Amino acid sequence: MTDLVSTIIAKYNYWIYITLMMIGLYAMIAKNNLIKKIVGMSMFQTAIILFYVSIGVKKGATIPILEYSHGHGHDTQLVVHAADYVNPLPHVLMLTAIVVGVATLGVALALSIRIYDRYNTLEEDEILTQIREEK
Amino acid sequence: METIETITSIKPLLAVLISLLVVPILVSSRTPNVREAWTFVAAIAKFLLVISMLPVVLNGAEIVYTVAEVLPGVAIKFRVDAFGMLFALVSSSLWIVTTIYSIGYMRGLKEHSQTRYFCYFALALSATIGVAFSANLLTMYLFYEMLSFATYPLVTHHQDREARSSGRKYLLYIVGTSIAFVLPAMMISYSLAGTLEFSGQGFLAGTSSKEVTILLLVLFLFGFAKAGIMPFHSWLPAAMVAPTPVSALLHAVAVVKVGVFSIVRVLTGVFGTDLLLSLNLGTFIVYLASFTILVGSLIALSQDGLKRRLAFSTIAQLSYIVLGVGLLSPKGITGGVVHIAMHAFGKITLFMCAGAIFVATGKKNISEMVGIGRRMPITMTAFFIASLSIIGLPPCGGFLSKWYLVLGSLEAHQMPILFVLLTSSLLNAAYFMPIVYKAFFCTPQEAMFENTVQEAPLFCVVPLVITAIISIILFFYPQPFFRLADIMVRNITGM
Amino acid sequence: MSQQYPALLVVVPLLSAMIISIAGWVNKRWCFPIAVAALGVAACSSVGLLLQVLDQGKVIYLMGGWPPPMGIAYYIDHLNGLVLPVVSIVALLNLIAAKKSIEQQFPDKIGPFYSLYVLMVAGLLGIVATGDAFNLYVLLEIAALTGYGLLAMGEERAPLATLNYLYMGTIGACFYLLGVGYLYIVTGSLNMVDIAGILPDLYQSKAVLAAFIICMVGVWLKMAFFPLHAWLPNAYTYASSAATGLIAPLVTKVMIYVMIRLMLTVFTPAFVFSFLNVSDAIVWLAVIAIVTGGVLALAERDLKKMLAYIIVAEVGYMVGGAWLGNRDGMTGAILHIVNDALMTLCVFLVVGNIVYKVKSYAFENLQGLFRKMPFTMGAFVIGAMSIIGVPPTCGFFSKWYLITGAIAAGHYAFMAALLFSSLVSVVLFFRVFEICFHEPFSDNHGHDHHSEAMDEAPLSMLVPLLIVAATLIVVGLYTGVIVNQIIQFAIPASLV
Amino acid sequence: MDIIVCVLLFAGLFFFTGGAVGILRFPDFYSRLHPAGKLDTLGSLLTMTAFALYNLHHFSLGALLTSSKMILIIVFVFVASPTATHAIVDAGVRAGLEPWTSGEKRR
Amino acid sequence: MDTIFLYSSLYLAFLMLLSLYRAVLGPTVLDRMIGVNAIGSKTTVLLIMIGLLYHRVDMFVDIALAYAMLNFIAVLAASRYFHKRKGLYDEEP
Amino acid sequence: MIWQLDLAILTLVVITGIGALMVKDLLGAAILFGAYSFMMCLLWSIMGAVDVAFTEASVGAGVSAVFFVAAVFRTTRRTKD
Amino acid sequence: MKIIGLIISVLTGAMLVYAAADFPAWSDPSSPASTYLSPHFIEKTMEETSVPNIVTAVLADYRSFDTMFETAVIFSAGLVCFFLLRTTRRKESETETTHYRHTLTGVTIQIKEGHTLPPSDEFERIDSLWTPSGLIIKTSCRLLVPFIQLFGLYVIAHGHYSPGGGFQGGVILGASIIMLAISYDLRTIIERISEKMVAVLCAVGVLIFSGTGALCLLLGVNFLDYNALAPILLVDPLTARSHAILIVEIGVGVAVMTTMIWLYCNLSSAGKYNQGL
């Protein structure tokens, strides 16, 4: 029992990321409103970012910016220990992923505006009904 | 087994390509005369190319040309051997005749889209020669499919509803079986033997179990549905909606003979007679063929449309060839192979006659042809000669091949087959002779013909006279075909 | 310059996409030449790369000069060396062919269209060339985003279909990203070759298994593999013909390349085929994909949607072939990437020409096309033959390898599905040919058909089409060379 | 020094608490704006000041810069927060929301 | 001191929960806006606190500053919506 | 990494996320999505990912919420779920 | 659909949970991710690029190729939105009506297309859904915007030493312009920053980035290998890297800023560019 609890605690971030991701995925599949789906999509993406950032975390480490004192320039050779700093690589990757997320968001919203112009609704079932009636 | 001398030459490729190359010229030519002149030139050139290779083959050598190696161990490759030569000879020579006939027929009926017609005709001939000269199964399959697709526009030439439904049926049977049966059979053979090259003794021997061999045999037999073995025969009557020259060349010579040719090639070049004999599969083939012969002939009896009757006759006659090879005895094979030629010349005459009658009178049904022999004596005489050939009576070529078949069945100790052959000959007579009888000896009812009915145009009549005469000549001078058949039999039996 | 090919391949299209975008605001006439020049450079460098690879084996290009695990490296081996020229040449041909229809359809947005087009090609080329798992994701997204833009500008229903594609595509890309994350968490590396080196010790790890499954599902979503194919037909049908001409041949094929790359390089055949025991199930899925694709295509009454469903079936071919787990199947799958890209391009260019002239692709409006556009239809016949699998067109040979692989693997259902698909294709295409061949039936069953004048598409659309059609046959004839010289080396020796 | 910081911090937290409770408990939109607008701003002011002071503990040029940035944040909040509150009220009025009067049902 | 900051930050998180109640369940959109605005102002403070906990506050202050500036825009945009679109709940089709 | 705060904020994130999806009003969803970004920003900074937090702050607070509102402004607020 | 969605998400979630059991524990310093690649970045960044912010160094140097495409992604998002939404030709049924307000009396007049306004300075053009301008909002925004922009520039320039960089700074700059557009109206912004300029700058931003890389390529080294820029920047190779990162960040900033404006203008006016939020 304690084993299970400790597993749950030790990977709390991972469980939450899975939860968030599944909420997003569920919203993308099950929601009827196009904008709601976009919200779900953004959540889905953020969950993955959460996952990546969680990978980078290191116990007892600080943010990945070297302690750098102004004015001394390159003269002082700093001794940097990898264990002191959080893993920077996932952060880099996730910066890119966030940007991709914003870009996708913009395009998705543009598309939904186009759809609204045409069908005057954002509910998927209503749009499909309209399409069927047109035929 | 003796080694066969091989000569590398580009001639087979040229023979295949020449009708292909002429297509752009046909498309771009402005006047019908120029177009038909080119067709004619191509036909003659093709025939000459084929003839030029004849001496080499008659000397027992083979001509080989590899175009490209497309798969490991499998190339697109041409090989001219005796059997292919025989078939190429028949089809290329008949193209010339049919071209003449087509000109007459198409102009006589003022058909539309004549350019298209001639183009696809040329394409189909390319494919036919390609099948004849192919050195392996893949090349054969290639040209077999090409032929299927090239003839589709010819079958549906009239572009009406009937043509469309017949075209569908045609494609369904021909392409469907080739993809569903031949292709997997070919793949299985390849994976078993690692090669697809036809060889005298077949390449499958010793590589597969009996069950697989039987499976392959069935797949190949039914897969080449162009041969019209029952139950995959019903495309043939349906395809009779095509213009008569098409029926004549393609459904008496090119298409159906390609089917039979392919079956024979596969039986001899892939399985090999020894394998079939050792597994006693010949009997199966023979009975299958006998069934088709008898049923086909019986159905032919009940048909009123002349072309349909001829079509069913064709179905029956094609199985003679399969039967001959299925006997697996040298005489039987010789008979079957020579029957390709004999039947071709006979049947094409019959179709041309049917076409000539249609051009002259517009009649399609036998019941409407009472007394027609008096109006069109030349046509009907040719018809009479050709039907004698088909029935297998002297002095026509058909007699010889049938004779060999009978000998072959005796040689193979297949007494029932003898009866099948005799019965079917009787049936042949029963469905042809009444036509001739009615045409010459019955008086037509009144107003059946308009008074102006005369012989068909010259372009129509000349070809059928030529082929009828050839049918007779072949009785007296069948040597080239028998020589080729002999060489082939020697190759495959190793004697 | 020759050692810079991998960079030129991607960077020249990227730079020129920007320049085109600017040119679109200055002078629209410059857009097209710049785009053609950019793709021409890309095509030349991809061919140059292929020759280099044939000459000296693997080519490695370090972006920014950083050695592989730190920086991003491009690995060009025989596999992507083969796919790169296909992508760039297909894109170039379609660009030339689509010029007229772009000008007809988007007269005031020429600049953005060409810019997106070239950018998308840059993305696709990058996906194929890159050796970094995360870089692939970024490029995937760039190809996807530009693709959404290109696809959505079509008919009235295009935005909705594209939005659905966007949802699915985003899920797919995110799944891929997640899978890369799983790999990263257990290996600590993002470089494909590097990961492959670390993985063998970790085969037992559930995380690696999950990474594999997630990556595969993501990639399948993007390539519209069977249960996940629902977005594809609508998205491809309602888009403009210029866009489908690029996207339909390339996107699914590139995704299949990614799948094969993941299977062969990242997870290695030892893991995929020996350790996991799922090949059978996936080949069965592929069988279902092929059959469903064919059957659904039968139900369609317009040309473009029918072709879209055929793409679904073709995806089944390649996935099934890759998962057969033997050399022949894999060869067939790789060969089919090339062939299918070409033949899909061929048929979609035909559709483009038809739409340009007839303004419709519904079956009932295609009557008499053989007379009206003989050359276009001739190319269509060749393309169709290739899809059906008739020798000597190239489609036959990849099918041949796939079937050989199926026989070798003892997977006869897959063989049957391939044959079934060929039969269905015959029915599909001859239904179209029949309609195009016959003109409207007149009541008098006569021989005097009113002859319509020939009304062929303009030369700039026709010439690329005919080149593609000829290529179909040429590639078919050179299959032996392609397999022996290139594909043979693309498959690791461990895969028997 | 620490004591001042703590006092300021706790005072800030106190106001934040008030704001949160107010947002939670007040009956209608307009009344809720009061705690949200005022108390949060004040809470920010106090806590930020506390942090700025705490940051100056180890005095250096960089720390001064940081502290001044915090002051800048306060200035910002002091400009932005009322404006935001104003905008929200404006929106409420335009949207036609009636103010709550005592005895009505809570909204 | 760190402990104090830690617990006050946890307390702030609790207060955010209270605001969140209004944001999620608030009957009108405007109530949600109030809630979110309140969360925003607490977030700014929290960011600084995290910085203090990391002992790298100079790195976090930029984020907080940017945050304070930009949080404003979203609220402005949302309220601007009501300037142009009448009706609180649904709009007339 | 401050794990106590991490847990607290993670819980808030999930609540906000569910809330954003449950709200029967698109404008409300947009606003709550903004709040979701705030939480995420906090979360990143708690985990030491300052650059990611900065990006999320500027994007989530400044831009993506505005985009949502703009899109809702141009379409409709109505939603059935 | 709801049930399908539920099943799919639960199944996926179950699989992920199952796989997560094999992860190294959260925040474990000895996990492969923390020990394999990242120590190199953390320890060598300073000597190889002389940028203390490791994230910036990795982003703009080690993995700058990713970042270049990230910029291209942003650019393509702007372009796609423009491509999809921008309508230059109206539907035939709609005739454009412009609204004007007489500043002295507050009378609003509508002018149909084809008619012209009496020549007078007393009319100002307004949106169709006009609301009296909020003086408070306008003023405070006008007050804040310069500071925000200044801060944005600072973030771009200071990315080497603190969190921030081209992307964040660009977004802040863009957001400040959006703020102006919200508090005034869209036309005010479009009059000052024309659409053409936005679009061109957006492309120019990406061009700066990829052009820097291409310049390296022209100078004979690999793409994006900033060392080669040392002779041009007149510094030693190490500093050249640092400077090149700054150049690149500026490119990103320009691209992101303009894209954000572009996206906002297109989204909020639904591509008509007449009136926005």
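Points to keep in mind about this one:
Each chain gets a letter, A, B, C, D, E, F and G, in the order it is written, and its residues are counted from 1.
The criterion applied here is as follows: a contact is a pair of C-beta atoms (placed from the backbone, for glycine too) under 8 Å apart; a residue touches a chain by one contact, two chains touch by 3 or more.
Because the structure is a prediction, the values reported are computed rather than measured.
In a view that ignores chain C, the other chains are joined by touching into A, D, E, F, G | B. Minimum number of contact steps separating chain B from chain G: 2.
Across the two interfaces under comparison, E-F and A-C, the one joined by more C-beta contacts turns out to be E-F. Taking the mean of each chain's C-alpha atoms, the chain closest to the overall C-alpha centroid is C.
Seen from the Cα centre of chain E, the chain whose own Cα centre is farthest off is B. The distance from the centre of chain E to the centre of chain G, with each centre set as the mean of the Cα atoms, comes to 23 Å. Annotation: 10 Å between the Cα-based centres of chain A and chain F. In whole angstrom, the spacing between the mean C-alpha positions of chain A and chain G is 18. In this assembly, the C-alpha centroid of chain B lies 43 Å from the C-alpha centroid of chain C. Residue positions of chain F touching 2 or more other chains: 1, 30, 48, 50-51, 53-55, 58-59, 62-63, 66-67, 69-74, 76, 78. Annotation for chain E: residues 33, 35, 54, 58-60, 62-63, 65-66, 69-73, 76-78, 80-81, 83-85 touch two or more other chains. The touching residues of chain C, when paired with chain A in their complex, are 134, 137-138, 141, 145, 148-149, 152, 156-157, 159-160, 162-163, 166-167, 170-171, 174, 177-178, 181, 184-185, 190. Listed in rising order, the residues of chain E touching chain D in the complex are 1, 4, 8, 11-12, 15, 18-19, 21-22, 27-28, 30-31, 33-35, 37-38, 41-42, 44-45, 48-49, 52, 57-58, 61-62, 64-65, 68-69, 71-72, 75-76, 78-83, 86-88.
Partner chain F is touched in their complex by these residues of chain G: 27, 53, 55-56, 59, 155, 163-165, 167-168, 171-172, 174-175, 178, 182, 260, 263-264, 267-270, 276-277.
Against chain B, in their complex, chain C makes its touches with residues 374, 381, 385, 388-392, 397, 400, 403-404, 407-408, 415, 419, 422-423, 426-427, 430, 433-434, 437-439, 441, 445, 447-449, 451, 476-480, 483-484.
Those residues of chain G that touch chain C in the complex are listed here as 15-16, 18-24, 31-38, 40-41, 61-66, 68-70, 72-73, 75-77, 79-80, 82-84, 86, 88-89, 196, 199-200, 202-204, 206-207, 210-211, 213-214, 217, 221-227.
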